[in-house]
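Below: a set of structures, written as structure tokens.
What follows is a pair of complexes built around chain A, which joins chain B in one and chain C in the other.
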Partner chain A sequence: MFAYMIRIAVLSLRRNPVLSTLLIAAIALGVAVSTAFVTVYYVYSGNPIPTKSDRLFYVQMDSWNPDRPYARSRPEMPPEQITYRDMQGIMTSDIATYQSGMFVASLTIHPPEEEQRPYRERVRMCFADFFPMFEVPFTYGGGWGRDSDRGPEPVVVIDAATNDRLFGGGNSVGKTVRIEDRQFTVAGVLAPWRPSPRFYDTHTGASQVPEGFYMPFEFVREFEVETAGNLLIWSDYDETGGFEEFLASEAIWIQMWVQLDTAEQRQTYSDFLDAYVMEQKNLGRFGRPLNNRLLDVMEWFKDQEVVPEEATGLLVLSLLFLLVCAVNLIGILLGKFLTRAPEVGVRRALGASRASVFLQHIVECELVGVVGGLFGLGLSALFLRLINRLLDNSGQFGLDLPMISAGIGLALVAGLVAGLYPAWRICRLAPAIHLKLQ
Partner chain B sequence: MELGPIFRALMHNPTRFWLITVEVALTLAIVVNCVAIILEQRELLTRPSGLDEPNLVVLTTRPFTDEFAEDGFIDTVREEDLRRLRALPGVRTAAAIDYLPLAGGGGLTGLAAPDDEGDGHPAPYFVVGLGAINTLGVELVAGRDHIEADLRPGDSEPENLIVTQALADRLYPDGDALGKSVVDPDTREVFGQIIGIIREMHNAWPRSSIAGLAMLRPGPVYDERELRYMVRTEPGALDAVFNQLEPTVLAVNADRIVTVRSLADYKRKYFDDEAVLVKVLTVLAILLIGVTSLGIIGLTSFSVTQRTREIGTRRALGATRSAVLRYFVIEIWVITGIGLALGAILTYALNYALAHLAGAPSIDWPLIAAGIVLLWGIGLLSALAPAFRATLVPPVVTTRSV
Partner chain C sequence: MIEMDCIRKIYRTQHVETHALTNFTVTIDDGEFVSVMGPSGSGKTTLLNIAGLLDTFEHGRYLLDGEDVSRLSDREMSAIRNQKIGFIFQSFNLIPDLNVFDNIDVPLRYRGMGGGDRRAAINNALEVVGLSARTKHYPAQLSGGQQQRVAVARALVGTPSLILADEPTGNLDSAMANDVMDLLETINNMETTIVMVTHEPELAARAQRRLHLLDGRLIDLEADDRPTPLVARPDGSPSARV
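Then we have the complex of A and B:
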């Protein structure tokens, strides 16, 4: 029965190809625009590490100025980053399954090929746990061991693009590259990795691409490198004291992540943080009330308002656009169906029930919806590529299976919205009138 | 006027009336909200920064040898860099600077007048070498530019600051900022003294509400990791000069990474999201108007076809062609009019929702009025072709096929 209905629907659509093209184009356009912005919203609001986003926690401690809150508009919020000394203090704990302080630096890379000039590149300075904690995928080798954090040993992890640029691709584990004035040995080469939003550092842009290099955090001392991200400070320190004074200062510039697998672990870690801060209070630091926070990935996104307002606005506008396209279709379908009234009259007279006439026309609308939806998805993919190019974001937006389903879903809903009223009208026509006319 | 019959005829078959009404109302709401956002973003993109934007190029050099850390070496290199850059044909002037205006990253401190007990005001700053005012192309309206002696003040001397008028007015609302000192709002220690005021200059965050607050601090711009110069070219000479900049400084010392980018390029990158948003919304609005216009054409054509016999009867009873045309034009005018009236309400409702969800700008009535005029015109234009077709219906049609 269903197959028959589809066959009738195809015949009906083929009878007037111009009109059918118009119908399909309208749905396609609406689906293209709305799917594109549903995708943009989905990417911004998505969970970049669904397997463990509720076990990864961002650590915050209120080490800010005793006289005033960190953010005047949100006085309850502790600072968004922590100091170097506090990172060192809490990294001594072994409660968390994995833990890593981190920041982004900009360092000079000297390619092994002599003819290539040195260049600057963003380097993530982090601890060994960064890789297993964030499930970073490797093509060759892997992260470095915890032993290499102490010392630190000159090992480095590079991404695929960097591997191509420096070594012409291939397994480069064990090869060396000069960074600043030190030779580093490649420990691992990443497989393509594009967490979106880039959850581990929302500060320097959640839409950013991960860094090309990863090296042990403690090279911060050797290179005396300052963050290429945000650094905020509320109290002066003795700048003549050199880099050590800076590291001991109240400047906040480090992001701290921990993996806590169980509720008990979380509680223990939270107690540890409290104890750490109370101890620091005794030393005359942390003049503000005790205010530690452990937010998991999605909570942290919400707190940081990672979804740009523009994405929400465009989502609303594009769905309304689809609605207008559907309303448009109502008129066209109504015209199309009503011109077919005599035919329907015959069918009804021959015993077709209202329900089957109704269903027949809904099937026809949904067929238009599905075909339009497929074209729309194609258009949508092109549209997203254009947006990617305009934003220069290395292909952040793209259609995946959930979004393709969403696009088809939108097309079906649009087809239904457009078809319900015309199908209802046509099935309620009295058959006799049209029979008489013939 | 035939409003009465037109309206009764409409109500006789209200489907088309409601469809066009709803469509026009939705379209008005969406288009006006799109345009409001576009206008707001364009205002951000195009507002004057006070800088000579089209003629500024940024040259960033990052040394990678140790000799730059040696005493005095970097000063020698910087002086030589600047001497050669300024001597290039097509270059008007050049100056050292630490961070960049319009590029989204830089220094920020708090400042207050000494007798202001409050939390102070944000003072985004740039550390600049000599000649910065001339190079940036900003206009000094009071006081003086930095001189050699300002670069290395003695221990007890305050830093000599040049601030924008907007920052000066925040610190000293009575307009007497020149020559006054400013303090750190936390420690209450003297930070510096205002020696010059520039009319207008955007800081590193031109998107923000404090874009106009900026301060120039004199300094040797001393960092062995990075030496950066702002180069101002003669009008129109930027492209010609651009490629000569890197070789010029590499000739002084080649042990560094050099990047050359126009300030306009940094600004473009900073405003990427806004620019894309403007493009996307423009496309959305145009597509929507197109779709709605097609919808009106379709519905009116259908209505003309349906009423062929009716029209023929009217013609047979003596109605002129222009009367038929007038009938359809007035009809569409009435329908879109009602749709637009509903649309005006819907526009405010959507605006309210968007303001909540997405921080959209609120809409002024002139914008809605403009939207109404536009869509009314488009509605009429869309209906014209089918209406003309109606006038071609011959009276004889009445006699056929019954």
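Then we have the complex of A and C:
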């Protein structure tokens, strides 16, 4: 019966192509706009690592200026990053299951093929724990061992796109690539990995794609490289002292993540942080009140307002737009259905129940919804490409399976909203009246 | 087949009440061919609509095939219409987007029959009305007489025990009208009860019994082949056989 209803609906839509096109276009436009902004919201608000987001903690300590808070509008908030010396200090702990300080640098890559020109690339400087802690997937090889952090060993992990670019794809583990003036051996090649939002570094853009290179943190000394992300400092330091003086300064530029699997482990680590800060206070640092924070991934997103207010506002507006599109269709569908009252009268006389007539017309509305939804998804993909280009975010916003499903779902809801009243009206008509009129 | 007892039907608008049927009582036996005549507004179509469960009534009782159908749900009435009643209308009421085969298929679709059974039933009905060669034609490609024969096939295809025909020859010339009447008689000979509304006395005369309506009341009743006495009901309204 359902197939029969679809067939009748197709015939009905073919009867008046102009009107049907108008109906489909209205749904398509509504779905295009709403799906695009649902996608944007979804990318910003999703849980990028649901298996352990409540066990990964972002570490904050208030080493800021004793005379004024880090953020005047939120005086209770400690700085969002930590100093190099504090990272080194807390990395000595073995309480956390995994731990890694990190920052993004911009380094020069020299491709192995001589005809390829050197280029600047974002490189994540991190510790060995970065990979198991964030469940980073590998196609070939793996991350480096903790031993390679000390030294440090000249090893590097590259992403799939970089592997294609430098080595033409395939298993490149053991091959070498020159970064700045040093040869690095490839330890692992990532499988496609794109956490959305890119939770481990919200400072350089939560919608950014992960970096192409990952190397042991301590090459920071050899390359004397500063962060390509945010760096803030509240006290002067002796710049004549060189890079070591910078590393020892109060500049904050490092993100610190730890994995704490149990409440007990979390408490122990929290106590450790307090003890570390108290020790630093005794050394004349940390002039502000004790204010350490451990926020898990979703708490950190909320604190950082990773979902921009604009995204939420646009989401609501786009859904309202879809609703307006659907509501506008109510009148058109009602008129369309009422012109078919005599046919409905005949069907009722031949045995169609009210419920059957209602369902028949809902099926027709949902057919409009699905066809409109498919066109809408196409438009939405174009719309998202435009947003990606405007925001220059390397295609962060795209339609994946959940968003395609959401688009079709929105189209079905729009079809239902548009069709419920007209279908109810047509099924309530007295068939006897219209049989004489045909 | 049909037993109506003191049926009252009133159409109400904001200012006017129209009594379409007043204490209407009639009995029509299985296999009868009954014609219904009367001036416009006498209640003929209302009678047919109520008999076909297309309209409700305020008062009285209606037994169809021995079953009290006075107060059924919409779903129950639809199922009875689908399985026991066939309709033939003056203006054919074929669905223009569907070809002959699909038009005849409509009642079977609502019955939930399988494809093979439906095809066999439709071909059989087309054979009865002599349109087997026109299955792919659309209504607009057929003459009025052919369209009415398709409508007859559609009424016939579900093998109903009752066919209700509302002026089935009203839009046809006399030759086509006679064809349709022949067809109805053939169907009646297959034990199907037929109730036909008509304005044409000569066509009405071909029925076994004629009912005459005036102002929603039965004013006369006669059977051509088997005289039946009128029996006055206690409220004074005339009745068929009791």
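In the analysis below, the second predicted complex is superposed on the first by the 365 of 438 C-alpha atoms of A that agree within 3 Å, B and C clash if a C-alpha of one lies under 4 Å from a C-alpha of the other, contacts with A are read in each partner's own complex, and residues count from 1 in each chain.
Following the convention adopted for this analysis, a contact is a pair of C-beta atoms (placed from the backbone, for glycine too) under 8 Å apart; a residue touches a chain by one contact, two chains touch by 3 or more.
Small disclaimer: the values here were computed from a predicted structure and weren't measured.
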Chain B versus chain C as contact partner of A:309, first or second or both or neither: first
Which of chain B and chain C A:416 touches, first, second, both or neither: neither
Partner chain(s) touched by A:343 [first = chain B, second = chain C, both, neither]: second
Which of chain B and chain C A:370 touches, first, second, both or neither: neither
Partner chain in contact with A:352 - chain B first, chain C second, else both or neither: second
Greater residue coverage of chain A in the superposed arrangement, chain B or chain C: B
Residues of chain A touching chain C in the complex: 1, 4, 11-12, 14-15, 342-343, 345-356, 430-432, 435-436, 438
In the complex with chain A, residue positions of chain B that touch it: 15-16, 19-20, 22-23, 26-27, 29-30, 33-34, 37, 62, 64, 66, 119, 186-187, 257, 259, 272-273, 275-277, 279-281, 284, 287-288, 291-292, 294-295, 298-299, 302, 305-306, 350, 353-354, 357-360
In the complex, chain C residues that touch chain A: 45, 49, 52, 54-55, 74-75, 78-79, 81-83, 87, 89-91, 93, 95, 97-98, 106-107, 109-112, 154, 158, 166
Footprint of chain B on chain A - complex, ascending: 22, 26, 29, 33, 65, 67-68, 72, 108, 110, 117-120, 180-181, 234-236, 308-310, 312-314, 316-318, 320-321, 323-325, 327-328, 330-332, 334-335, 338, 387, 390-392, 421, 425
